[in-house]
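Next come two complexes, and both contain chain A; in the first it sits with chain B, in the second with chain C.
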Partner chain A sequence: MNGLSKWTWHMMAGLGLVAFLSIHMITMHLDLILGWFNPAGGESLDWANVTARGKQAIMPFFYVAFLGLALYHGLYGLRTIIFELGIPKRMARLTTILILIAGIGLFGLGSFAAFHFASVAASTGAIQ
Partner chain B sequence: MTEKATQIRFHIRRFNPETDTAPSWQEYQLDVDPGMTVLDGLHQLKHTQDMTLVWRYSCRMGVCGSCGMLINGRPGLACNTQILHVTRTALTLAPLPNFPIIRDLVPDLTEQFLKHRELKPYMIRPDTSEMQHPTGEYYQTPDDLLDYLQFTYCIKCGCCMAACPTLATDPEYAGPQPLAQAYRYSRDSRDMGYADRKPSLTADHGIFSCHYGSECSSVCPKGVDPARAIQLMKRQLVLDYFKLLRKKPPCKTLGPNEHAERKANIPAAPPYTV
Partner chain C sequence: MNDIKQQGNRLGIIGWLTGGRWGFERYMYSLHRITGLGILSYFLLHIFVTSSRLFGARTWELVMGAVANPVFKLGEFAVFAAFAFHMLNGLRLILIEFGFAVGKAEEPVYPYRSSVNTQRPLSVIVIILAAVIVCVGGYRFFFMH
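Here is the complex of A and B:
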């Protein structure tokens, strides 16, 4: 990817994060008013609601997309900040590789956690 | 009745690469009359107190862009900055930051001009024979002109480059002056060189290193607004990336009117000298 595509997707990821964070905030903090993704009623962090959300097939994909956008946006921003410190070309290359490895590693770990949680939630009982 | 002169303390950064290892500050006192510019003040100091003082200037009216310097911490032109508009007590003068110093208040603008050249700041068209031996004029409407007119006022003084926080941390960054000029030419309806400039624009240290701090626009003595040019150039690149950019049709060439008759009282044009 050249500077154009990296920057464009950095901006797109930022827009995606605004959308996902809005859903997250509404789910977590307007739970008693709107009750989004809270099928058991009450507070969104009640165990019944957590497992109910985990059973929905879309949720792991939501978490993985959220994680991917956050990692790309955050790590690309971090890389830009490091580059602006004026590091030599070889260090810049090494920084890119390390950030890429960290990003892929964290994305893999997060995706595993999301899908593992979905399978655990699916094996638990009905909504209490 | 003339107004009383105000005594101003000048702090001037001095550096002579032949004798000094590092820049130092020197202080002068000068009676400043209303209306006196920083450039006038420097001339007075040179004539009356220190003939070794060095700066660069030419037109004395904000056109040539030679006398850019840091005036009380802000990049500006010495010739169009009145001293009493800036201070009533002390005036600090230093060479433009983000450039090597040649001597005293003279920055070395070579790097800026190299970056400017890299972005091909000239008309690029496939019909080179028409450009070199024109048979008519390239047609452009007043609206087409307004699209880029503001960005043609750049005098390459380097004030925007000196104010740029990104350039301060990344010396390889192209900088606001060359990038704004890349937009100026890419936006020109007569130009067809956008694809030629694109690789340099999108390279590392190119246009996407700009964080829109807008300091370049706030210090520009000609009101060019390089930050806006950079954002518009980014928009054009992103639209192009998503294949949403409307291709501009090549501008028409208007040939001479074959049916027009020359009025008898209009003399013929003189022969070409070049």
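Here is the complex of A and C:
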């Protein structure tokens, strides 16, 4: 992927995030105003709501897509800012590699958490 | 040499606020960068905190209890406000960077017209919409329980 396509993906990820992040913010922070995506009612972070969302089949896919977009967009943005400092080529390569490793690691952890949680929530009804 | 005329700070506080000849899009750029980095820092921590659900309800309540204090609440609100600005300003940037909302290309005939004047209304809309979202969110954060 050349530099321009990486940047174009950064923009496209930003567009995708508008939908994902808006849904996330409405769920989490407008819970007592709109109540959307909070099947148990009340506050979004109540365990009852967390497990109720966890049991919905689409949720892990939603989380993983959201995670991937946000990691790509955010870490690419960080890389741009570091590159703008005018660092030498070798440092730039090292930066890219470190950011890539961090991104893949966090994507792995988050995806595992989303899918594992969904499967336990679906099989036991709730996690005690 | 002493015939160089001292220039007073003609723009005063207005110049400070508007960046002199730069205009406030320059400050929106700074704010976009600050909010982007702020959201990213929060987000990296957020992945670890929310992954704690893997260990069940007790751990979840414990972790949620640990972050349920006024400092974190204020921080969370700052992230919410950063989201409102970064998202709307990001949409503005995407429109502009892909060539929309910048006005028609025209021959550069003196006196040149700045395309910033064409873009300005969009910047004002972004600020107003972001302020509305921040107010609604702020009401939920601080006045509803």
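Here, the second predicted complex is superposed on the first by the 121 of 128 C-alpha atoms of A that agree within 3 Å, B and C clash if a C-alpha of one lies under 4 Å from a C-alpha of the other, contacts with A are read in each partner's own complex, and residues count from 1 in each chain.
The rule is simple: a contact is a pair of C-beta atoms (placed from the backbone, for glycine too) under 8 Å apart; a residue touches a chain by one contact, two chains touch by 3 or more.
Just so we're clear, the structure is a prediction, and the values are computed from it rather than from any experiment.
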Could you tell me if A:S123 is touching chain B, chain C, both of them or neither one (first, second, both, neither)? neither
Of the two partners chain B and chain C, which one touches more residues belonging to chain A? C
Which holds for A:L4: it touches chain B only (first), chain C only (second), both, or neither? first
Using the superposition on chain A described above, determine whether A:G86 touches chain B (first), chain C (second), both, or neither. first
Which of the two partners, first being chain B and second being chain C, lies in contact with A:S22: first, second, both, or neither? second
List the residues of chain A that touch chain B in one complex and chain C in the other. 11
Within the complex, which stretch of chain B touches chain A? 166, 169-171, 202-204, 206-209, 234, 237-238, 241-242
Chain C residues touching chain A - in the complex, by the definition given at the top: 33, 36-37, 39-40, 43-44, 47-48, 50-51, 53-54, 56-57, 60-61, 64, 80, 83, 87, 90-91, 94, 97-98, 136-137, 139-141, 144-145
Touching residues on chain A, where the partner in the complex is chain C: 11, 14-15, 17-18, 21-22, 25, 29-33, 45, 47, 50, 54, 67, 70, 74-75, 77-78, 81, 106, 109-110, 112-113, 116-117, 126-128
Can you check the complex and tell me which residues of chain A touch chain B? 2-8, 11, 80, 83-86
